[in-house]
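Take this structure first; my questions come after.
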Amino acid sequence: MKRLAVTALATGFAVVLVEAMLNLGPAAIDLRIPVRENLAESGVSHAVTAVLLNYRGYDTLLEVAVLLLALVAVLTVTDEADVAFPHMEHPVLQTLARLATPLMTVVAVYLLWAGAFRPGGAFQAGSVLAAAAVLLHLVGLLPGWRSPRLPLRLGLVAGLLTFLAVATAMLARGALLEYPPSMAGGLILLIESVLTVSLALILAGLFLLLSRDEGPS
Amino acid sequence: MVWLIALPLGWASLTVLLGPRRGAWTAISALTAQLWLAFELAQTVRATGTVRHAVGGWGAPLGIDLAVDGLSAAMLLLAQGVALPVAIYARAYFKVRSGHPGGVWFWPLLGFLIAGLNALFASADLFNLYVTLELVGLAAVALVAAGGGAPQVAAALRYLFATLLGSGAYLLGVALIYGVYGTVSTATLEPLLTVEAPRLAWIAGLLMLSGLMLKTALFPFHYWLPPAHGGAATPVSALLSALVVKASFYLILRLWIGPFAALVDRIAWLPAVLGATAVIWGSWHALRAVRLKALVAWSTVAQIGYLFLVFPLLGDDRIALHAGGMQMVSHAFAKAAMFTAAGVIVHTTGRDAVAEVAGVASRLPVTLFAFGLAGMTLMGLPPSGGFLAKWLLIEAALARGRWDMVVVVLAGGLLAAAYTFRVLRQAFLLPPSGERRRVERRPIAVLEWTAFVLAAASVAMGLRGMEIVQLLDAGT
Amino acid sequence: MMTFAFDLLLALSLLWSGWRALTTRRLDRAIVLFIAFGLLMTLAWARLAAPDIALAEAAIGAGLTGALLLDAYGAIRRRSDRT
Amino acid sequence: MTGGLLFALTGVALFASGVAGVVLIDNLLRRILAFNLMGSGAFLVLVGLAQRNEVADPVPQAMVLTGIVVAVAATALALAMTRKYHALTGRLELTGDDND
């Protein structure tokens, strides 16, 4: 009964929405124009990076906070768990992972650098690095996390703190996150570099913390 | 204004750095500074009207704008005003319970929660609001889950899926709005969203509002609230009931009188009917609850109902808006007080049960006094803030000849009196059971007095009502 | 015309894999289907001229989320087997 | 019809089935899958509808990047709690009796 009602409601909702979408005129405002016009002052030449770290950089600042919060939340929930032992110790896979890791690091650095003028950036670079860490863990070369110690915690929060410090430093001469056009490129690169490290640690941490809660198997 | 967001983000990160179970003083001193900042901001808003800040210097619609008018300033002041005493309470609470798993990472979670709330109250950008909603929602869920036991984790999971469903609906609404108009800035949208808006804009509005109602736990979406608020650690319960549900309600109100004003007139009766049902249903469950904290949590369901009564009464005279604002403020303080007082009773008697309250009045006079004062606000007795809120609500209802709503408000007050006296009668009139004395622990003064301060604040709101109403009117 | 046919096929596969991920009986298959769904999403983002999202979706949406899900599934099955 | 609009319509269908899944499915892991479908659907609508005239729009693209990261954060938290719940109770479904 409930199943039927929910399915009918969801279907009806989708139909109404699709119908309304098909009868939609053009939008009143086209942000593509101001995005393009201000690109020269944004410090980067890739439009998505300009939106992400300059025009709507405040969203990104809060998003980094969400990620750090998620890590703390996972820490809270998985507290007092045992450290996971590596699942397998397959020499061939371990060798492959050892080879893949530097390669992935190079890719990450490239993505970070490329973000200024083509697709890429801190989030993609950070997630590639995190993927490398997950890979190392899966083949048994990297243990799961205990409660993170100070150096690790420093790495985790460095991204948000740097971002926040740059954002509030701009208050001295204007608005939050208002980079002077001449320095924008450099500041964005600084933020992105630190963010890459922190994001990689946080994303890897989400996995490495979760994979420890089972004890010896 | 910006510092109200940057500061909690900063100290949240800092307390992560400090490590497990540390950072209480960092948090308390920062919250003190924030309270002062919020107070200054409210003064500025009252004197000069809405304060705006174009983040990144771009200005909407390309950039994100922050805008604090009287309503936002009142909410910011409220958030810091509740958070500071609750933080002082939490420090003592987790100090006695040194083994409580909820205390390990409490401070960073609190920091992110407050940062999210402040960012939400200040934002004037629909997508940015989505990010703040997630920040608040995930922090709140984590705080509930931190309790550690199976009931808490189950309650947190229920809460998580409710809040994700709510923000998912909100996000789809934002996506549709961007599709229709090409912007998500509320100020830019307001003149565009007229009665002739395309159907898609209406659907977007409905999606966003219903998502937020789910997050506010409006009947019949209230199912997740009692276990989450009733089962969490006491400081967490206080924060959730006082502030987190208010945040999504604030956003409903903001959208209702802002961008969607032209669209929602015809459906204003719906939230009011649901709200009226919530008043009765929540109070009824509060009357029957076995656990003390569950009683307080069900009372939140009822008090949220009042908030939704304002929608058909909103108009140029702004009385209903004042009523909604007063109800948010006074309920926040009263409910924080009630939860913290209940926490003291639970701590002292060692059990979370209404029946265990018997005879504690002589041991915990301050706490019981706080509980009674908070109850006074919930009932709507003068001179409390709750009295003023209900008075304004009745006035607005009478101005529109809505006698049915007057009846709901009065009935809700009587029911609130009934469940408050249910606790107080036990405390003052019944003798304690002999078996219980053995587990009794010494009361802690800090816990008792912070509960009392919160309760006193909820009453004082009635005495300073004029100032609050003036603040709510600023910047319009 | 060709590209629209491809888009249509992609949209249909997205719907099918998403639907199957929710309804297929075995949980492990559901997770694998979900990862396939994430990879199809990557293609969709590429078709929508959004290479940044395609990269993020591949790494985070399909990759990390998939790994988290598989790991959770494995842990839960091992725990159930032990008891 | 343009590719953008087609993917927006696909997004609507995904969102609807995701919501139905979150409401109807009891198994927590699968409910997390449903939540992710719902999110992906909303993201497709955001970019697809904005690009219904086939011109790339960087603003919704950046928003979706933010959204994906938020979604993975929520997923990780949901999985952490699901695993904890399973460790404590041995169940993967929430039962009615933990309601008060």
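Letters A, B, C and D mark the chains as written, and numbering starts fresh at 1 in each.
Throughout what follows, a residue touches a chain if its C-beta (ideal position, glycine included) is under 8 Å from a C-beta of that chain, and two chains touch if they have at least 3 such contacts.
This one's a predicted model, so the numbers in the text were calculated from it and none came from an experiment.
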Q: Could you quickly compare A-D and A-B and let me know which has more C-beta contacts?
A: A-B
Q.
As a quick test, compute the distance in whole Å between the mean CA positions of chain A and chain D.
A. 17
(Q) Centroid of chain B to centroid of chain C, CA atoms only: how many Å? (A) 38
Q) Where the centres are mean C-alpha positions, what is the separation of chain A from chain B, in Å? A) 30
Q: Provide the C-alpha centroid distance between chain C and chain D, rounded to the nearest whole angstrom.
A: 12
Q: Would you mind listing the residues of chain A that make contact with two or more other chains?
A: 17, 21, 24, 27, 31, 35, 48, 55-56, 59, 63, 66, 69-70, 73, 77, 123, 203, 206, 210, 213
Q: Indicate the residues of chain C shared as contacts by at least two other chains.
A: 50, 52, 56, 60, 64, 68, 72, 75, 79
Q) Could you say which residues in chain B touch two or more other chains, in rising order? A) 127, 131, 134, 138, 141-142, 145, 153, 179, 182
(Q) Per the touch rule above, enumerate the chain pairs that touch, sorted by label. (A) A-B, A-C, A-D, B-D, C-D
Q.
Show me the residue ranges of chain A that touch chain D in the complex, using the header's touch definition.
A. 2-3, 6-7, 9-11, 13-14, 17-18, 21-22, 24, 26-27, 31-32, 35, 47-48, 50-52, 55-56, 59-60, 63, 66-67, 69-70, 73-74, 77-78, 123, 203, 206, 209-210, 213
Q | Parts of chain D lying in touch with chain B, wherever the complex brings them together | A | 8, 11, 15, 18-19, 22-23, 28, 31, 35, 38-39, 41-43, 45-46, 49-50, 52, 59-60, 63, 66-67, 70, 73-74, 77-78, 81-82, 84-85, 88-89, 94-95, 98-100
**Q.** Complex interface listing, chain C residues touching chain D
**A.** 3-4, 7-8, 11, 14-15, 18-19, 21-22, 27, 30-31, 34, 37, 41, 44-45, 47-50, 52-53, 56-57, 60-61, 64-65, 68-69, 72-73, 75-76, 79-80, 83
Q) For the complex, which residues does chain B have touching chain D? A) 127, 130-131, 134, 138, 141-142, 145, 149-151, 153-158, 160-161, 164-165, 168-169, 171-172, 174-176, 178-179, 182, 223, 226-227, 230-231, 289-291, 294, 297
Q. Once bound in the complex, which stretches of chain B touch chain A?
A. 2-3, 6, 9-10, 12-14, 16-17, 19-20, 53-58, 61-64, 101-102, 104-105, 108-109, 112, 115-116, 119, 127-128, 131-132, 134-135, 138-139, 141-142, 145-146, 148, 153, 179-183, 188, 192, 198-200, 203
